[in-house]
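Structures follow.
Okay, so chain A shows up in both of these, paired with chain B first and chain C after.
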Partner chain A sequence: MTNAAATGTERTNIQIVSEDDVVRVEDLRLSFYTSLGVVRALNGVSFNIPRGKVLGVVGESGCGKSQTGLAIMQLTFGRIEEGRILFREFNTSEVIDITKLEKNGPEMRRIRGNHISMIFQEPMTSLNPCYTVGHQIEEAILLHQTRDKAEARRRTVDILRKVGMPNPERIADSYPHQLSGGMRQRAMIAMALSCNPTLLIADEPTTALDVTTEAQILDLMRDLQHEIGTSIMFITHNMGVVAQMCDEVAVMYLGRVIERAAVDDIFYDPKHPYTISLLRSIPRLGIARGQKLESIKGTVPDPYSTVPGCPFHPRCPAAIPGLCDTVMPEEIFIAGSQTHTVRCHLYT
Partner chain B sequence: MDTAKKNGRSDEILLEVRGLKKHFPIHSGFLRRVTGYVKAVDGIDFYIKKGETLGLVGESGCGKSTTGRTILRLLDPTAGEIIFDDPNIGKVDLAKLSRAQLKRVRPNMQIIFQDPFSSLNPRLTVGQIVGEPLEIQKAASGQALRDRVAELLQEVGIRPENMTRYPHAFSGGQRQRIGIARALALNPKLIVCDEPVSALDVSIQAQVLNLLEDLQEKYNLTYLFIAHDLSVVEHISDRVAVMYVGYIVEMASTEDLYYHPKHPYTEALLAAIPKPDPRKRTRPIKLPGDVPNPANPPSGCYFHPRCRYAEDICKVERPPLRDIGGEHWVACHFAERLQLQGVTRLNEIPLIELPKRQAPVPAASPAS
Partner chain C sequence: MINFIARRVVNMFFLLIVVSFVGFWIIQLPPGSILDVQIQRLRMQGGNIPESMIQALRDRYGVDDPFYIQYWKWVSRSLQGDFGTSFETDQKVAERIYNRLGFSVTLSVIALVFTWLVSIPIGVYSATHRYTWPDYIITFIQFLGLSIPGFLLALILLITASRLWDQPIGGLFSPQYADAPWSIAKVLDFLRHVWIAIVVLAIGATAGLTRVMRANLLDVLNMQYIQTARAKGLKESTVIWKHAVRNAIHPLVMALGTLLPALVVGETLIAIILSLPTIGPLYLDALRSQDMYLAGTILVMLSALLLIGNLLADLLLAWVDPRVRLE
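Showing the complex of A and B:
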């Protein structure tokens, strides 16, 4: 499956439906085989990320949002059972199916960190403490962009300046422990953007930061995204951040995308009961004071178990007995919309 | 519900903190000599009335958790008074009590910790965890103890049958409920909630916040609610205090603080909240630089290097926390003069109604 010939033939057959998509994930299934049983982390995830847009992927812990990001980078320890991840670089018509590439093969290594890069949640632990920040950014540039060390150094200082570091030459020579959390996250962003990637996967990039720092980092990401034209897959659980950052949103629940729409539709015209409940359970400034927050009853089911029918039905306030608990709803377009899809029996 | 909550509140003061300081020594060199102090809490004053919730907000490292722990004497204060109105003993200064005396006051003040994964002993069963305070205070034993634990677990929404299970068998939200049951065991008056929901998912967070509100109403509890999520604090608090580098810079009723802030730092903090409304995209107020190091704070007002309204006096004189009217306390030289921007109410964004439960469908008919 993974040899060069197969990849070659595969490529010519693939058609990305929209010319504007940089990534198209189709029916991705991913499992972990553990001593306690099989965890089905992703059960048929499909979405696309248009060129130059920000797709927000939201959901509670354990819904598979981080695993989707890691699968695109081929960094997951799980096994991809089925599905395709189609990727197209900047300015090429060539489409690559990432799931067909060898994890550590030359082609995957050419893409990873160069055409697709990632920012992780923990700015404290995702930088190597033994090397200077500049060295770590140069490493990516030397690997992918240029062999000239002086040139790499110049680009490193440039990108550090671009992410708003006050004294880029000095920062390049400092070690991660000498920087604050916000500065480290800026350094991570600098590293991720150093090769002008086609796609940036940001996995909860601001969750560990304070609110003022978070606002600055989001502002910075928005500016850089406009400037470079990178598409961003923004993984988060914070609906406020989604509203501020994203163009489109995919809501995930138990390894499936249950609703997908433009950000305005998600907040002003949500369809899936889970999306609606999620929005109703966040405290809103000025509205809910003195009133009870609405919560979703129950908890996310145990990952080792499988729920028959719609995975949300045990917690759903609108579940239809006899239908939702037996039949898995298909992903369908909302009547009269080309972009808004939902996986719910209420709309079939 | 709002009025019911307000009725339970009185103007009597349960806890008053005056000039509280907590400095941690910095040791360095071969002899581990003290070379400086981290001034985590540097002279704060506030009070909490009976039955109210005081929110304490600020960025990481501003000393809000240290404040919570020092009040309970989990950390010993460097200076200052902590006057607690104990229902049995009357007003006592906790800062001066001995261990034995503290033990008599402790049943009335409890704490809920942030991380539900490290604040429960993994080697004890849930029954032992919740029953431990009762045993230490010799409040109950034998069957009475088991009954009380069962009642407490029921109260927080955990089935009493789970008493014999260990913490690892529970999810984050359930563990936080166990922590709440433990804090409730001795019928306390004051509960310090140290970031009780920040480790939880959104839907679970709402459940725990509702539980805290229900319990407050039922037992007339007083909360010191420490958090960094400003939307959560706005929801649960009657009054809010904002901390910056070991110092309270503003304290007022929630309404006043969020909609009519008087301190430039509060304004910047409020502007940074990511608002869940895609039609209102905001740009944050640029705060140059980083939060100062509490071991080496700047001169004058600690906020002046980052403040866009700073003038010469701010560099030399630290403004005291003063009441500018209507119990609105501010530590800023220009509190009366500045016109600051509060948060905008998210009234326009609709609260979508949930679809109603549908009639049952015969099992045979598949989805169309």
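Showing the complex of A and C:
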């Protein structure tokens, strides 16, 4: 804040963190035009996902984490107003700006399901009830990898075996309603990984599952991620899952990334007041019985309005009057760190 | 599956017996009988009929028998293919019905196919182009189609067509084809006679089904698996026609079961207006003159159509949606 020029240079530094990123999202702005008004869902989201790493994207409902994932796939119904989504496939140097591609055009469809694939939150409804699981996986393989039906079938059974399905041939001929929620999510993962994607976007893949199944699915994703080398953008609101799965974390609030760091830094040295409160609101073992769990006071502001200054200031315990409610903080590096950034006036 | 069909057919048989019994009972409920109508007519013509002759007629027609005996006589013969004799014309009921029923079913099936062929694509277009001008225009026409009574539309079309070109009025065939064997020319002649009836029959049903298709597809398009299909990289047309329509088509398939008999009965008024010799007007006459064997047989035939239509719909639905298949 005191030195605008310095902040500016730091910002550019952030954007070329590494040549080894598979995706770099830069200043992404996304709006929904509804009959009630304009909802600004994303207000300048920037982050990068390094090759072979898992980035956790966390935040409350409505903070824009799912929309960021959908925007990378160009599957959002909102309009991308500004910003770039740079994507680089495996083993190529060619960088594609996804926002420049036609939404349902051939180039975008070539990327979808092939280089970037996605898993959704609801395993119960994310498979088409009218087709067998095998058919739905084959569909993606036939579209991107091979035209040979027998070969597609063989690969389908292979990938089903890989995701830990007992009797993969039988599962391939089953309809989704014949499988449990955990099995369906395995089938979804099989479908998403069937073309060895560069990036997997997992939008709360375990939220709808019970904890035992959740643990199995997370293990499976970790294993396959090591095996295939896919980068994962792991969208969740569960900090426990983040600790288990992720290498890096981006904390989002109201359509902005407000803190980014390696997973250990987020848990042991959180900087942003929002991240701190988020971590305090997790129930822990060893906490005194009867002690009230902390919650973040207030609620997320109405999406149709815009908050002046830092979007978190109305709920922030450390808000500085006259500063936080008027000036939007820039994203800056924490002193002495090359990877930990925060958007907060307390650190400028 | 064969087991399922066999069970359904047996059930259908028992259902038909119940329907025929209840139907027959209702038909003979009003006081009087076909005989009274005929005696009345003879008296009007000035004849003085002796009491003994009336009694002879009563015995011959068996109208004084209790209702269950009448029913038994009719059913036991029906099972042998003899549906009895129409009181009114002294013709065999089977003769009077078969031709007409055949034409009615043909008309209805053509109307049904027409309805499907039109309402599915229009419904899909309307849903995928929601809140655009074409959607508004389609919606407007649909409400028009729903709200214009069929008989009025039939009259308008008939008058317009006969003014503008040589539209034959009444009948199913031109005289030269009436007794000719079936040929392409005869089929074309048939269509020339009945197209108005088909259009009128289809329009009401089409308007309704298009709305249903649109609403259902809109629901399905919000489902997660549609997003999954898109995320796979499928073309939008594949997403719509392969993944969405198949899930949205259930009500249309189910409508098949009830639509067939509804169309057969629905054509009554239109057939009367267009003077088409189909089953509807015959049914109405039979009920009015208490020609009970005739009316009863038509009722049973219509019920059979309903049951067959439902069976077909169930089979089709099982083919479309694996979730309703019986293991």
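Simple rule for what comes next: the second predicted complex is superposed on the first by the 330 of 348 C-alpha atoms of A that agree within 3 Å, B and C clash if a C-alpha of one lies under 4 Å from a C-alpha of the other, contacts with A are read in each partner's own complex, and residues count from 1 in each chain.
As a working rule, a residue touches a chain if its C-beta (ideal position, glycine included) is under 8 Å from a C-beta of that chain, and two chains touch if they have at least 3 such contacts.
Please read these numbers as outputs of a predicted model, since none were measured by experiment.
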item	value
Fit or clash - chain C, chain B, common chain A	fit
Contacts of A:V241 with chain B and chain C, given as first, second, both or neither	first
First, second, both or neither for A:R110, with chain B first and chain C second	second
Contacts of A:P129 with chain B and chain C, given as first, second, both or neither	second
Partner chain(s) touched by A:I276 [first = chain B, second = chain C, both, neither]	first
Which superposed partner A:H144 touches (first chain B, second chain C, both, neither)	second
Comparing the two partners chain B and chain C, which touches a greater set of residues in chain A	B
First (chain B), second (chain C), both or neither touched by A:G322	first
Minimum distance between Cα atoms of chain B and chain C in the superposition (Å)	9
Of all residues in chain B, those that touch chain A in their complex	1-2, 5, 59-60, 171, 173-174, 201-207, 209-210, 213, 228-232, 234-235, 254, 258-259, 268-269, 271-284, 286-287, 289-291, 343-347, 349-363, 365-368
Footprint of chain B on chain A - complex, ascending	60-61, 166, 180-183, 210-216, 218-219, 237-244, 246, 263-264, 266-270, 273, 276-296, 299-300, 317-323, 326-327, 329-330, 345-346, 348
Chain C-facing residues of chain A, complex	73, 75, 104, 109-114, 117-118, 120, 122, 125-132, 136, 139-140, 143-144, 175, 177, 188, 191
Chain C residues within the chain A interface of the complex	223-225, 227-236, 243, 246-247, 320-323
